[in-house]
Amino acid sequence: MVNAAYSLALLPVVGFIVNIFFGSKLKLKGALFSIACIAGSFLCACLLLRHVIAGNSIEQSATWFTCGKYSFSAGLVIDQLTAIMLIVVTLVSLLVQIYSIGYLHGEKNSTRFFAFISLFTFSMLGLVLADNLILVYVFWELVGLCSYLLISYWYNKPSAALAGKKAFITNRIGDAGFFLGIATLFYYLGTANFREIAEKLHHGGFDPHIITIAGILLFCGAIGKSAQFPLHVWLPDAMEGPTPASALIHAATMVAAGVYLTVRSYSVFSAGNFSLQFVSYIGIITSLLAASIALVQNDIKKILAYSTISQLGLMMVALGVGGYTAGVFHLMTHAFFKALLFLCAGAVIHNTGVQDIRQMGGLFGKMKITASTCFIACLAIAGVPPFSGFWSKDEILLAAFNHNKVLYGLSSLVAFMTAFYMFRLYILTFTGKPRDPHLHPHESPKVMTWPLIILASLSAVSGLIGSPLTNHWFSHFIYFHPEHHIEVNYLVMYSSIAVGLLGIAMAWLFYKACPNIPKALAENYKPIYNLLLNKYYIDEIYDTVIVRPFLALTRFSFSFDSKIIDGSVNGTATVTIWISTIKAWIDKYIVDGLVNLTASMVGAIGIVLRRLQSGFIQNYILLIFTSVIIIVLLKLI
Amino acid sequence: MNVAPFIADIKYILPEIILTIAALVILIFSVLIKNKRALAYFSLASLGITLLYVSKTPVITTSLFSGMLVNDSFAAFFKIISIIIALAVILISLEYKEISPNYRGEFYCFILLATTAIMFMGAASNLLMIYLGVEFLSLISYIIAAYWRGNVKSSESGLKYFLIGTACSITMLYGISLLYGLTGSLDLEQINAILYGNTSQPAAISIIILTILIGLGFKIAMVPVHFWCPDVYEGAPTPVTAFFSVGPKIAGFAVLLRFLLTGSIFFYEHWAHLLGILAIITMVVGNLTALSQTNIKRLLAYSSIAHAGYALIGLVIGTHIGQVSLFVYLLTYTVMNLGAFAVVIAVSNKIKSDEIKDYAGLSLHSPYLAAALAVFLLSLAGIPPLAGFIGKFYIFSAAIEEGFITLAIAAVINSVIAAYYYFIVIKTMYLEKPQAKIEIKPAPSLNFALIIALILTLAIGIYPQPILDFVIHTSSIFIP
Amino acid sequence: MWSNYIATSLFYGIAGVIVIFSILSVTLKNIFYSALSLIVALLGIAAIYIYLNAEFLALIQILIYIGAIMTLIIFGIMLTLKISDKTLQQHNKQQGLSFLVSGALAAILILIFIRFKTTEAVSLKAVSLADIGKELLTTYALPFEVISIILLAALIGAVVISSKDM
Amino acid sequence: MIPLHHYLILSALLFCIGLYGVFTRRSAIGILLSLEIMLNAANINFVAFSKFVTPDNPIGQIFVIFTIGVSAAAAVVGLAIIVAIYRNYKTIFVDEINIMKW
Amino acid sequence: MFGLPLLSLIIFLPVLGILILFFIPKAQTSTIRGVSVATTLVTFLLSLLILAHFNTAQPGFQLEEKLSWIPQVNINYHVGVDGLSYSMIFLTALLCFLACFASFSIKDRIKEYFIFYLMLEVGMIGTFLALDLFLFYVFWEITLVPMYFLIGIWGGSRKEYAAIKFFLYTLAGSVFMLLGILALYFNSAPHTFSIVELIAQNSLFPRLFQNIIFAALFFGFAIKVPVFPFHTWLPDAHVEAPTPASVLLAGVLLKMGGYGFFRISYPILPEAAKFFAPAIALLALIGIVYGAFVAMAQTDFKKMVAYSSVSHMGFVMLGLASLNPIGFSGAYLQMFNHGIITGAMFLLVGVLYDRAHTRDLNAFGGLREVVPVFSGMLIFFSLASLGLPGLSGFVSEFLSLLGGFKAFRLFTIISVTGIIVTAGYILFMIQRILLGPLNPKWKSLAEINTREILTLVPLLILTLALGVYPKLILDILNPGLNLILKAIGVAN
């Protein structure tokens, strides 16, 4: 069974190598090859899931390298959490790859895209399989790299290059915190392996203060990667990349890595006394912020990006309030319907060539399958009962309700806003009459629609495994420590359905029934509207507060380096003052003497000494005897 | 009539006698025969014989001529060095055009006489003998400095050298008279016996030491008495400058060492402090003024002042290790300096100018010569695989072993500054474009001297052991 | 006793003559006159030698120093004298400092010589010329030979340097 | 009898007068003269010490003989150089003879 | 292998090459190039042969050779190799061999060029193998003169200034080092220069004495590393040096300083090492952050890579100052990796400069379309230099920071910001050169040719191999590092 795990990880690498080196020659065959690889690893994932369901988990590690008495090991662990994640990653990656054959049909050499996608899948699988924090850190940055490569895939677009750089650097900031967290844990607990950390913390006897700091530092990594509040600015810009890439990376898998890390090292968070609250506070701030911005965005991909940020925020809230299972469950369901939404958006953009939803309208007639699958996804994300979104969101609200009423209230507000902006999007793009005459949308080809259909069915069905119908099989499958089962609270369930339906109704009222309400609202609440439209001006704040002064500082340090340090070391600065004062007197000799000399201080004294050599014999003799007199006087005194 | 001892001592000063006779023979023949090269070969032959004789005879330390000279390995060391210098100078000046053909014979005679003068100074242990040796060497130096009669600069350098030289030697004479007055004897041993430990008249002793220091300092171009050095080096014909930079300098150190070490009449601890300061000032002045020089002979002049400063450190240290380092330094300094001057002669024979900018691009059209000069300059700067480094290394290790940390640090900083102006020359040779495209072929004799100097510089640098054995042996007689 | 008194006063007279004439020779504008005043000073010094019962030295002083060297110098003056030289300023500008330096040196030396203590011995027999001759040829034989070579070298050098043809 | 230090004072005076002459005389021969004065000062010293310090052994006097010899040689060489300078520079004023400086 | 003195052979083989070159007339450039490539190749093969003979597990020096050189002063020609020096020898031989290929772009005075080039190699290999302080100092200075000429004659516009500045800086440092060595010599019991004996008696030196000597040696080594205040020679020397010279300068010469710390300063003067550790850590921190900041503001490609070297070498000093096994392994590995990565970066800069004749970053744009293979290589090595996991740069930086974290928590936290800024300026560089719209001027830019690719492939393989499986080299380094740690008296 272990070699299934190895083959699972290594197949995408094979796909990557084939596509990178022989991509230009293989053209389409290269893409098919990488899809085959991903399909292979998906099968292995299913095998492993069956193996894990059968109750046994795999754990293997070998020493990576040693320095002195510390030895660093690298290995893989497959337990329930990993199995679920493997399925999610490989499945979504497979579907996205199939979809992108159609999407990138026109591209010149699209094999590079497939190469990066398979490299990304490899690193994501590695991240999920890794058994210790250091290995996670390794794949963590590799995943960041792939997102950089994919965002700046269309390299001749300057905005894509900028967005890629911004994504990588923001991730790097998070990674810096992540590293410090690993270092604290490594020294304080003596190990980076998850299982050992959990056992050690379980025994207790550790100063909770340090563990809290370690937890918060680890969470910094998650903030960076999952685009939580302070470091969320890169995700909306990451939409520059091709939509299938966004679907896979910026919706389903990579952004979920932050959540996965928090889940995987949950023992650290629970041991610390303040870290869980910290996680929930960050989570709720992010989701509120993102949801409010999404209300007014007009670019279809930006809306989905902000919705991802807010859904992730919700997952963080779930983890923060102790809803370990709820978080993971929402992560899984969200991966499916958010990937689906992105692929629909991709299809829409691919066919209409425009991203602004105000220009779209009435596409339902032309793109039946895309519209219908998108409708299912909207229902799921809004939390309408039979669909997966309802079950996972309900569990989160339940966990929040049990833990802290305020969080519960805010989360349901977020649920309401989510429902509202999703259906605003749906109504504006698909229903009503087409606003832009010269758009001529048409249904996307088979290869794109089939993944949509599969994803739609998944987002419909996947919620059931956590629902009471299968008596909460999911919470028995993934749980933290004592397997406590929270009983269903019907009040919370009904209120979440009500909130969802209210959101849909409002959207229908605003955009279907009387379209002038949004404009009216926008007019009289001008400042708030602009605030939201410009994303609370966070980008601008960052730019003025951090980026611009930073660049100024680099320019200053460069001038400081070349003028002060360089100058003072070989005396150029001070010498210029020296020479100017005695310029007239020794001008001729300075000019030709110094033409190739660096005019260092040493040189200047040399010139003065040289002047002593006046050529007059009697000067010399006089100087000799004066020095004799001086020496004698010195000697006598 | 106790004439016998006088005759018995003659066999000890045979080398000096051979050279004087050779000089006289050259004098006579220079009038009779026309081709001057025969004279040169004759002088080389005589030098060769004396060298063989000196290196063969075992050294028995006795005092000769009732205390006038002392024949010991110290004197033998200086005999060998002075003969080597004379050989090199004659070889270098064979092709030198500026020395007018009809006075070339006298030139060789003077070089031989100068060598005998240095030998006497090396061996003198009597104040009178020291004074005569110094005067003899100075007189010959004034003559050969002004040897290039047509040239304005040469006669000016001769005049400057004469006037300042005589002034300093008369001051030394005055000091010797006072020393004689104080002790009533001219023999160094007796003077030391009398003066040792008696500090009755500090002022008188100070004046005596100072005046003698002025006289000898003049020879090694120490700081207060270094002013003549650049002008004379620039003016005198280049082979003469080559001789000045090594001959008198080493003789000066010989006498200073003899004074310092036969007995601490200099009340050693009393004066080490002053000599140390003078050494540092000499180094600093030599190096700093050299930075802005444009004429290569003046640059080498200032560099020789700086090297006198380094050698002084060896002197200041005074213990056995200090002496050994001084000898090693003088030996390596001689080899490098003569080599450098040989190249300068080869170039000035062709380009007729000593300005540094005329050396531009030398490496392109005569790579061998440029490489040789580069090696010598690097060795002067003290870069490891070469002889100069061994000299500097010994001086630094002596300084550190005896705890003269400030001296060591001053020397170290100075050697960095020195590297700068040596590199100005290397830079012009290698990094700049040449104006004129002239291929410089050095004369065979000059070439021969150059190759020997090059081989010696590299050999001492890479495997200094044989040289060290030779030096340790000679300086072993002074156990302070 | 009386002759003794005259001798000492005569000594101070001669010393005064020497000092005055050497100052004159240093300060006189006309180089020829300063040479002559130097000759007078040298004669005074010869007299001093007699006082120090070094008669032979006095003889040498007069014969060689004045006879040979001073005549040579006067020849030199004649060779290089230009008519215009007489009127020119004979002293360069650094008089002030040089007077200070030489004065200081004089003061230091005199200070030392006043307190100069040395082993003053008294001997019966005066040093005769024969002793000097014997010493010259026995203990100082080597310097004797060396001084001869020096004079020879100086001779040749003078010929080489000042000969006319190039 | 004239005490020793009177002679020494005389020689010191002479030495310094000679020195002053060397500093200030402009003509080369003038300097030569002053050098002769300084030399004689030293000779006086020698003879005085020979009489007072080593009366029975004429070291000082012999030394003076040699110094006179050397000064003769020096004077000869000096004058030769001065003549050569005169031929090249047409002047023997020392402060005009400095082509080589710095 | 049949008793050949392997170490002396590898040191003096280039000398043989120089002798052969002397007799080849200046005109036959191809034979000159052939001979020099052959010499560097054989030297590289020799280094592999040494590896074959080298037993990695056994700590201490192997293949030792000892000949008395100057018995008077107890100086002897004593060479030996252990894990630390072997890795540096391998790096030197490899870079020399690859840079020799890159030297084919040198067109004028080729014979002199290769003579200086081989002389440089002698000095470098000698420094790493010398076990006698005097011999170490001699080889240390031998590298100065050829590098001066390489920069001076074949350099860029301000070559003279850069060459003399490089020379004087290093000379000033090495001269003080000489004083330190001499002081060590005179204070060791039986007056010895041998490093092994000095380490054995390092407990005898009194504390104050150790501090003074450490300061003197620090001055010499810090200039070479370069540590913060003494780094100003590096950008000038790099920018003006021809490509192969700057590859060797960055790849090997900087490592001599670090090697000096590991081999001489730390084991012989343990108390001083502990005493100065915070100061060195602070300088390292400044080096990392300041170097990265200044690199960010550069418009000249080569100068940017030069300043990035200052920043990367800051990690070496941080690891060094941490005085624990992780920090030490990280520091030494960083030296090795930095040599390979920056060597490759400079080769790439050379490739670009040979074609575009400008190094101004803003003059490029969108080259990815025109030269995909070159941009692939550039991206690979840039990512390696910004410390992307999976490549060697990451392992060493991670270990240095981890080691540093244990010793100096606050300094390391600030240094971690360094890796963020590093990512910043490297991606900024990639963006300006490769991404964005194609600058029409470079439409006809020639793709990287096979010769240049061949020089880069070995480095690429090494970076990847050491990144994925660093055990390969860490096992070679560990015995040596543990020995040093034991000498310092740090709990292993």
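Letters are used for the chains, namely A, B, C, D and E, taken in the order the chains are written, and counting of residues starts over at 1 for each.
Just so it is clear, a residue touches a chain if its C-beta (ideal position, glycine included) is under 8 Å from a C-beta of that chain, and two chains touch if they have at least 3 such contacts.
Being a predicted model, the structure only gives us computed values, none of them experimental.
The minimal number of chain-to-chain contact steps leading from chain C to chain E is 2. Counting C-beta pairs in contact, the chain pair with the highest total is C-D. Ranked by distance of CA centroids from chain E, the top chain is C. Remark: the per-chain Cα centre closest to the mean position of all protein Cα atoms belongs to E.
The mean-CA centres of chain B and chain D are about 26 angstrom from one another, to the nearest whole unit. In terms of their C-alpha centroids, the spacing between chain D and chain E amounts to 66 Å. Taking the mean of the C-alpha atoms as each chain's centre, chain A and chain E sit 36 Å apart. Mean C-alpha position of chain C lies 7 Å from that of chain D. Shared contact sites, meaning residues of chain C that touch two or more other chains, fall at 92, 94, 97-98, 101-102, 105, 108-109, 116, 118-119, 121, 140, 143, 147, 150, 153-154, 157, 161.
Shared interface positions of chain B, defined as residues touching 2 or more other chains, are 128, 132, 135, 139, 142-143, 146, 149, 158-159, 163, 167, 181, 184, 203, 207, 230-231, 420, 427.
In chain D, the residues that reach two or more other chains under the touch definition are 8, 15, 19, 22-24, 48-49, 53-54, 62, 66, 70, 73-74, 77, 80-82, 84, 94-95, 97-101. Every pair of chains that touch is listed here: A-B, A-C, A-D, A-E, B-C, B-D, B-E, C-D. By the touch rule above, chain A contacts chain D in their complex via residues 589, 610-611, 613-618, 621-622, 625. Residues 618-619, 622, 625-626, 628-629, 632 of chain A are the ones touching chain C in the complex.
Across the complex, chain D meets chain B through its residues 8, 15, 22, 28, 31, 35, 38-39, 41-42, 45-46, 48-49, 53-54, 59-60, 62-63, 66-67, 70, 73-74, 77-78, 80-82, 84-85, 88-89, 94, 97-101. Of all residues in chain B, only 128, 131-132, 135, 139, 142-143, 146, 149, 152-153, 155-159, 162-163, 166-167, 170-171, 173-174, 177-178, 180-181, 184-186, 230-231, 234-235 touch chain D in the complex they form.
Put simply, chain C touches chain A in their complex at residues 92, 94, 97-98, 101-102, 104-105, 108.
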